[in-house]
Each structure stands twice: as structure tokens, then as C-alpha cells.
């Protein structure tokens, strides 16, 4: 008996859950777990169904489902398997290190297919895990030239997701548009929408906040404005300098990114405009 | 259009969700929200479905559902309305005070029908809100005599739930058995199962823990061992004496109780042996 | 033996702790608890010392301390006693209700001397606790006229602090300047600096954040930009509408305000520019 | 200018802070940060003072301090430098992996001098970081024989602390007594004192708790009863099996251990009976 994830997304309508689960029952797919949600403002229906059964009949199952859901709907059957992840970095080791260990130890169902940095600082760490590292220096290059080289380096890898693991470069629309929507994930070192932009810990220190945080989000062409997947915070106080906030924040950054990534690769995240539904 | 909560509980079986939601669809009950869960160890199925529709046909709907679910199953349609709560107290004001304010301000859909204390200390506070207060002193009485008087006082009220809001008396099996299972809710001032029994904050201080907590649970005849509904904690450190732990703990106690109670009155809590399923 | 709080604030200098604690020792004041901090950017020294002793010699003690600390420093001996608090409200009961209960039950060392609202909605609740309530309606009045009437009403009370307990009016500089710096405390229903301004829960819903929060701060003439005293957050998800975010947020609002207020009345908060030091 | 940590511990007495900080001032040691605490029950005084100055006169400074503090007191001047840590493991990679990354990346001021396991499962991971790994299998050996071999292997390393990073063996008093008090640190996979002993996650699942946690503590000859250094928790619900609790708990385990270890190596932890003071 195999397991797969059915992801359904469509305009809401009466009888949708009955229709979809009835079709699952007809194909003898047992429902292990089911989550659904209909949005408040525009009645968009999202459902994630964990199924167990014999999927040799999957094609006709999906075909039949297409008649159950309203026009403009999508339903996909996703295998449960490790996803391929490409990681972009600059100099900070903590997020990459956590991904490497978690992938190595089987704590996160991802294979890191490669790491690309605009510095070579994390090459040594990456290679310990027998993962290719490519340095694409930005020095002396225009943003466009550097991105062209990055895209060339990226094109050498096959991947499901690209994770910006503290990749400290501003991205142009052209770069972002080179990736399918929902495949580019960033960890931002602030509790968005507070402290958008550069040096958020310095901004937080200057403002005298008592809590700092991190935000994992899909990257879109609105800088730091893509759909938020996960956020978390830690408490700080007057004893924290901007530097010690940054140090304390690192632990939140990697936790939030890992939590977001594990939900994404598990098919639990749906994008809805500039928001997410996370089951 | 009215809203009601359908609560289903039965042995798990293939096609249950399809069967139940199909019946809802047949009766033109729109599903606003649906949660279901099947237990790991004994495959017991629980489902809470928020429905919207015309419930003049509710009786035949329930009758039809009884044929959909396996033998030994239960399905009930619950109106969404304020619940009647009787509160038992001793001397501490914080939990009762929070319930009074939240009931008064409409933040919790409960009506407090009365408060009974083994001291009269909270009579003044209770009467400010025009709620009857009965003092049933335990002084000079055996436990059995006192409980008999308590039960007599309790019998004068009509209620859905009895909340022990820091009622600091040990209950006999006879007392507990006087109430339907799931109608007696206690707030225990420790993070169960740590520090069962008397003076948990003193125990926590003596042990030097760095976190203290509170637990809301249904009362059964296993002392402090009933099904846990909600728990929460706060951090403490060496600066806390047993007394300041107790003071800090009060805020967690009332929050945990209110969270538990709001889930219970909303039909979100199912009892399963010594555990709960909380949607 | 009496207890008092010594609050010292001055430019940092070598030997300050030795000088101050040496003077305490000379006067036979026992140090129960001591906290000090020197700021990172401008080396400002803050110290809070809980003392036990015979304070009949307090005047010469303070006189002597003035020679120990650098010019431009302040040192004050504060009695440990209940503070007088005036509360301003609009229509929401939860923050006021919590203050009333906590003051009544002795959980917060404050006496609420009065409540002033621009609606009369909370008069009934306030009077239950035998506290005067004054309604100063803003209807048909300019902002300036309304504030003039508010200030007149406020002037009838004697108080140490004014707490804006969900007082939903924008304040003019003239109004703010009528109070000593550090005596006007507001609870803002967002995690500042995110969602400054109106309808922060609607803003949070629109942005799709996964965490919402509240901020207690001193009021200055920078709207929502005064020194932050305390902040806290709770997690939300796609199931929350703007309304249910607001409801969930209320519990954080009152907790954060109570935490801030209890620190302030305990002499634990120092203002330093647009920030606070909270011991 | 060098920095050192002064750690003082003695019976409480009047004028201690004045005496110690006065001596610091006399030696022109500037106080960067100071924390002190006196216990509630037995008036034991603890103080940690971060000093900056010229420590060529450190010996006479300490000699002079010995006359300032009461008999039976201890004062030590600790250099700020990376500590040597030996790690014991069984099969789980997450805690070790985190220590390796944090040590490698400079996020924790420790050098891991070696790793010893009763299985060889983590040898590959350890050697990636060029750190020696020794396997000391327990198979076919009595507990005493195995411990004798462990102690022999341990004796080959020079270290400040031994960290039990999910070393799943019960220790005999003889083994524990081979290490100085305060040098053996364990991470226990439950929120002590709940679920002492084997399989805490299974116990937590069986009890139906809504929160699970982890505890870092010094090891003494009371099993799971040594002084607690740090604890933290995460929320769980009915969706968690014992296995998924264990998986979720791993993140808390490593965070709690790292937090505890970073405090210990920073001289911030004092042992007081079966408790700790953590500045």
C-alpha cells in the first residue's frame, strides 16, 4: 500500500468535501489525514488529503476528480518522496549548517543537490558533506552580470526548491521570474513587516523593541513582501546590543526556515495571493 | 440560516468522511469547518463539523447518519449557544475574577449561574456581578459531610459544566461520580504529571525547575489524572521564591482554564480514555 | 525595618557600583536586590537597588550619594507603596476589567482612582468596583475641544500614572505635554513597529502574518513611537479572520499592559531616549 | 585591556557587594557587567562580575578579596577562552550535529576534543569535522566492564566538560564520581521531573499531555535528579504519536543543551545543592 498527497484548490462550492472524499472512497483510497480551508474574503477552497491505496488507477481518479471540482480548480496527486533543494548562501553558516545536518541525519526529507555562494566561505563546510559548492563572486560585476552568472550556475542543477539561506543579495525581477512561483524560499532576519530592508537587527536595536523574530517566505518581486510561510520570535531586552540580537536571532532564523521548508516539501503549503494556507 | 455543530465519534472505517459529508450535502447543510482525527492505538474516529443550514429536518438527518457510522458510534447535533457554568472556589480570586469579567464582557460564551465556596471570601466579588454565592463551610465537618452539603447546594443550580476554579479540596469518588463524565473541569496549578498533589509551587521551588505551568483537565476518580484539555508554562529562574512562583503561576492558571473552557463549550473537545482530542 | 527602592541614573564612570553600594553600607542599608546597566551607545548608567534599613537618615544618604555620582546624575529613594492610576477607555472591557480585578484582588499594587471614557459603555463595570466613572463624549466636538474637556475631567483626580486602556483616540501634542514624561502609558494592539496606525488586526490579516502581538509603551508625541516597555505575541494562522485575530489579541493586550504596569509601579523601568531599561 | 570573569560564592553578609566592587575599583578593574543573588532559604551569596583591566596584579587582588568575603567563601578569576568539551553519544545525530556545527562556525566557544560512542553510527559525521571518534561497544559486557572501558577511553582526552549528547546508558555512581562536580552535563528528553526514566515520549503520549520538553542538567548520582540548568517545551496535540513527539522533541533537546552549555562555559552557572543559579 502506497501513500500519496492529494492537493486540491478551487473556488468553494457546496458538497466539495463530500464529492472529493466520495471519489477517494470509490477508488478505495483510505483517508489518513484530511485538512481543508475556505478563505474568508474570496471563498477559495484548499484541501490536502493524505491517501493510502493502490495508485495504479491514479490517472482516472484525477480525471474523475476534475469533474467534481468547479472550473478553474486544480487537483494533483503528489508522491511522498525526498525533494531536491539547491541552497544559495553568502557567509553565514548557521542556516546552511542546520540544513546539512538535518538532511544528513534524515530529519528533513530533502537532498541538498548543491550550494552556490557569492563568497567561498562556506565551501569547506559544504564539501564535508560531499555536496558540490560553486562560488559566483559578485565582485566587480553589475547586479545584472552577477545574476546572469548565478542563473548559469543554477541551471547546472536539477532541483524542486531553491532556498536562500542568508543569501544577502537583492534580487532583480528578472532573477525571481526565472523560477516557478512557490519554488524560491527566503529566510528574512526580522519579524516582517517590521524592519523591512537592510540591517533589521540594527533597526530593532535602535527602536528598542523587546522581541525580535524571523520570517520564512516565498520570494516574489515585492521585496520582503512575498507570502509568509512561518514566523517566530524571541524575547530580548536592554542587555542586547545589535550584535547580540543578531547572534540570538540566528537560532530563530534557522528554526523558522526549517519549519517552513518541512511544511513545503510535505505538500502542506498553498499560496493564495500574498498569503499562505499552511496545514 | 442557522449554525450547529455535528459531533461524531465511532470506530474508524473506510469511507466515513465521505459518508458523513455526503449526508450533510444531501440535507443541504453547508460545511463551514471540518476537523477529524483517528487515534493511533485503537482507531477511534472523531469528527467535528460546523454546519450551516435549515435544521427543521435535523431529526431525520441524525437518523440517517446513524446508519452511516459503525455500530457503537455516536452522532449529535449541538446548538451554538451560551453554556451554563457553576463555579466552585476556595479563596483565590484570579480564576473566578477572570471568568466573571469574560462572561460579563461577552468574551466567553458562558453564563455563570452561581458560585459556591468553602469560604465566603469571594462572595463580595461574585455579588458585584449579581451572581448568587453560597458558602458551604467545611469547618468541623468530615469530608463526607461537607461533600453532602456541597452536593445539596449544587443541586439547587441548573448547569452544563462545573468548574473548579482553585477549589482546594480533595474530592471523593462519590462526589466525582455525581456528575456526568466530561462535565467537571479543574485547573491544577502545575504542569502535570509533574508535582501531583499538594503545594506544587513549593515542590517546583524545591526541585529548582526553570519552568512552571498549569493544567486544565476533566476530573475523574484518578486524582490529578483526568484527561488533560490544555496546558501552558512560564519560565522562572533562581530569583523566584515559592511565593513568587505561585504569583506568576496565577496568570497561567487562568489563561489555561479559559482556553480549555472555551474549547469545551464550543464542542471542540472529545474525551478518549484518559486523553482528549481537542480540535 | 523598612524597604525602599534607590533609583540611580547618571553618566557611567569607574567605581560607580563600589561608590553607591559603599554608601549604602555606610548607612547600614542592606541590599536585597541590585540591578545595573550601562548603555552601549552613550554609556549612560542605570541602577535599581532594593534596600532594607532605617530610613530616618535618608536625606543625608541621598545628599552623600549626590557627591558619589557624576554631575547630571539623578538618585531617588522611592517608597514601596500602592500607586494611584487613572484609566482612560473607549468601549472595550478586557483591559479595564483585568486592571479592576487585579487591583481588587491585590495582584497589582495599584489603586484605580477613576475611569474616564469617551463612551459610557464601561460605566456599569467600573461602578461595580465603587470607582468613579466620568463620560466625556467626543461627539460634535473638535479634537481640541474634546481634549480640553478630558483634561478638565482628568484634573479632578490625583494620580501617579494615566493608563490608556484601549482609549481609541488620537492624542494631540498639547494633550501629551500635559503629563510628566513617563506617566502616560498606552497599550497598542500590534507588535510595534509593525502595523502602526489604525486597524492593526485588519492590516495583519491583509498581510498574512503568522504571529500577532501587542506593545505597551510610554506615550510621547511621536505617535506609536514612544519608548517600548513590554511586548508579547501569539501565533495565528490562515483560520483567523481579522475579527478572530482581534479577539485572540485581547488576551495579549491585557497581559502586556499588566506586565508593563507592574514593572513601572515597582520602579523597574527607566526611560532612555526612545528606549527603556527594564530590570 | 583584558577581560576576565570573577566568580564569588560565600555565605551572605552585609556590605559584600560594596566590599567586592570596592576591591575591583582599587585594582582599577572596570565592571562591565555584574550579577548577584542571595538564596532565599540559606542566604548563600553568588556573584558573577565581568571585569576589564590589567590582570598582572590578579594574584594579590584575589588574595585581598579572600579577606573581604566570609570564611568558607570562594572567589575565582576565570579567563574568557574556548573550553574543551568531550562528547558521549549513542545513535542520535541531532545534538552532536548541532554542537559540531556551532563549534565549527564559532557560534559556541567550545572545542570538541573528541566523541565517544557505544555505537559507531556517528563516527562518519564526527570525522567530517576532523574530530577523533572512539567506539566503546557495550555488547557482551557488564555495566561495570563497559564503564571501565569508557573511563579508559575518556582518560585519553583532556577536557573541561563532558557532555552526554543523548548517551543512552544508565551511569553507575562510580562512573559519575570519576568527574568533578559540575563537569558532567546531560540532556534529558523530558520536562523533568515529569517522565523520569525510560521512554519519556512514550510516557508523554500515554498520559496525553499537551506540552513536551527537555531538560539540561548536571549529572549527579541521583538519576535524572541533578541540578537543572535549562528547560524548554513545545506544544503538542492529539495529532502527535509517540514517534512524532520524539521527532519534535529533538529540536528542543538540542536547543536546551546548547543554551545550558553556553551559560556554563561563560561562567554564568553556579551549583547550589540540587539547584542552579544561572545569571
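By letter and in written order, the chains are A, B, C and D; residue numbering begins at 1 in each of them.
Everything below uses one rule, namely that a residue touches a chain if its C-beta (ideal position, glycine included) is under 8 Å from a C-beta of that chain, and two chains touch if they have at least 3 such contacts.
Keep in mind that what you see is a predicted model, and the values were worked out from it rather than measured.
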| item | value |
| --- | --- |
| Chains in simultaneous contact with subunit A and subunit D | B, C |
| Same or different contact residues where subunit D meets its copy subunit C, judged by the half mark | same |
| Whole-Å gap between the CA centroids of subunit C and subunit D | 38 |
| Where subunit A and subunit B are represented by their mean Cα positions, the distance between them in whole Å | 38 |
| Of all residues in subunit C, the ones touching two or more other chains | none |
| Residues of subunit A that touch subunit D when the two form their complex | 93-94, 97-98, 100-102, 104-105, 107, 125, 128-129, 247, 250-251, 255 |
| Residues of subunit A touching subunit C in the complex | 37, 39-40, 191-195, 207-211, 213, 227-233, 237-239, 241, 274-278 |
| Subunit A - residues contacting subunit B, complex | 14-15, 17-19, 21-22, 24-25, 28, 30-31, 34, 36 |
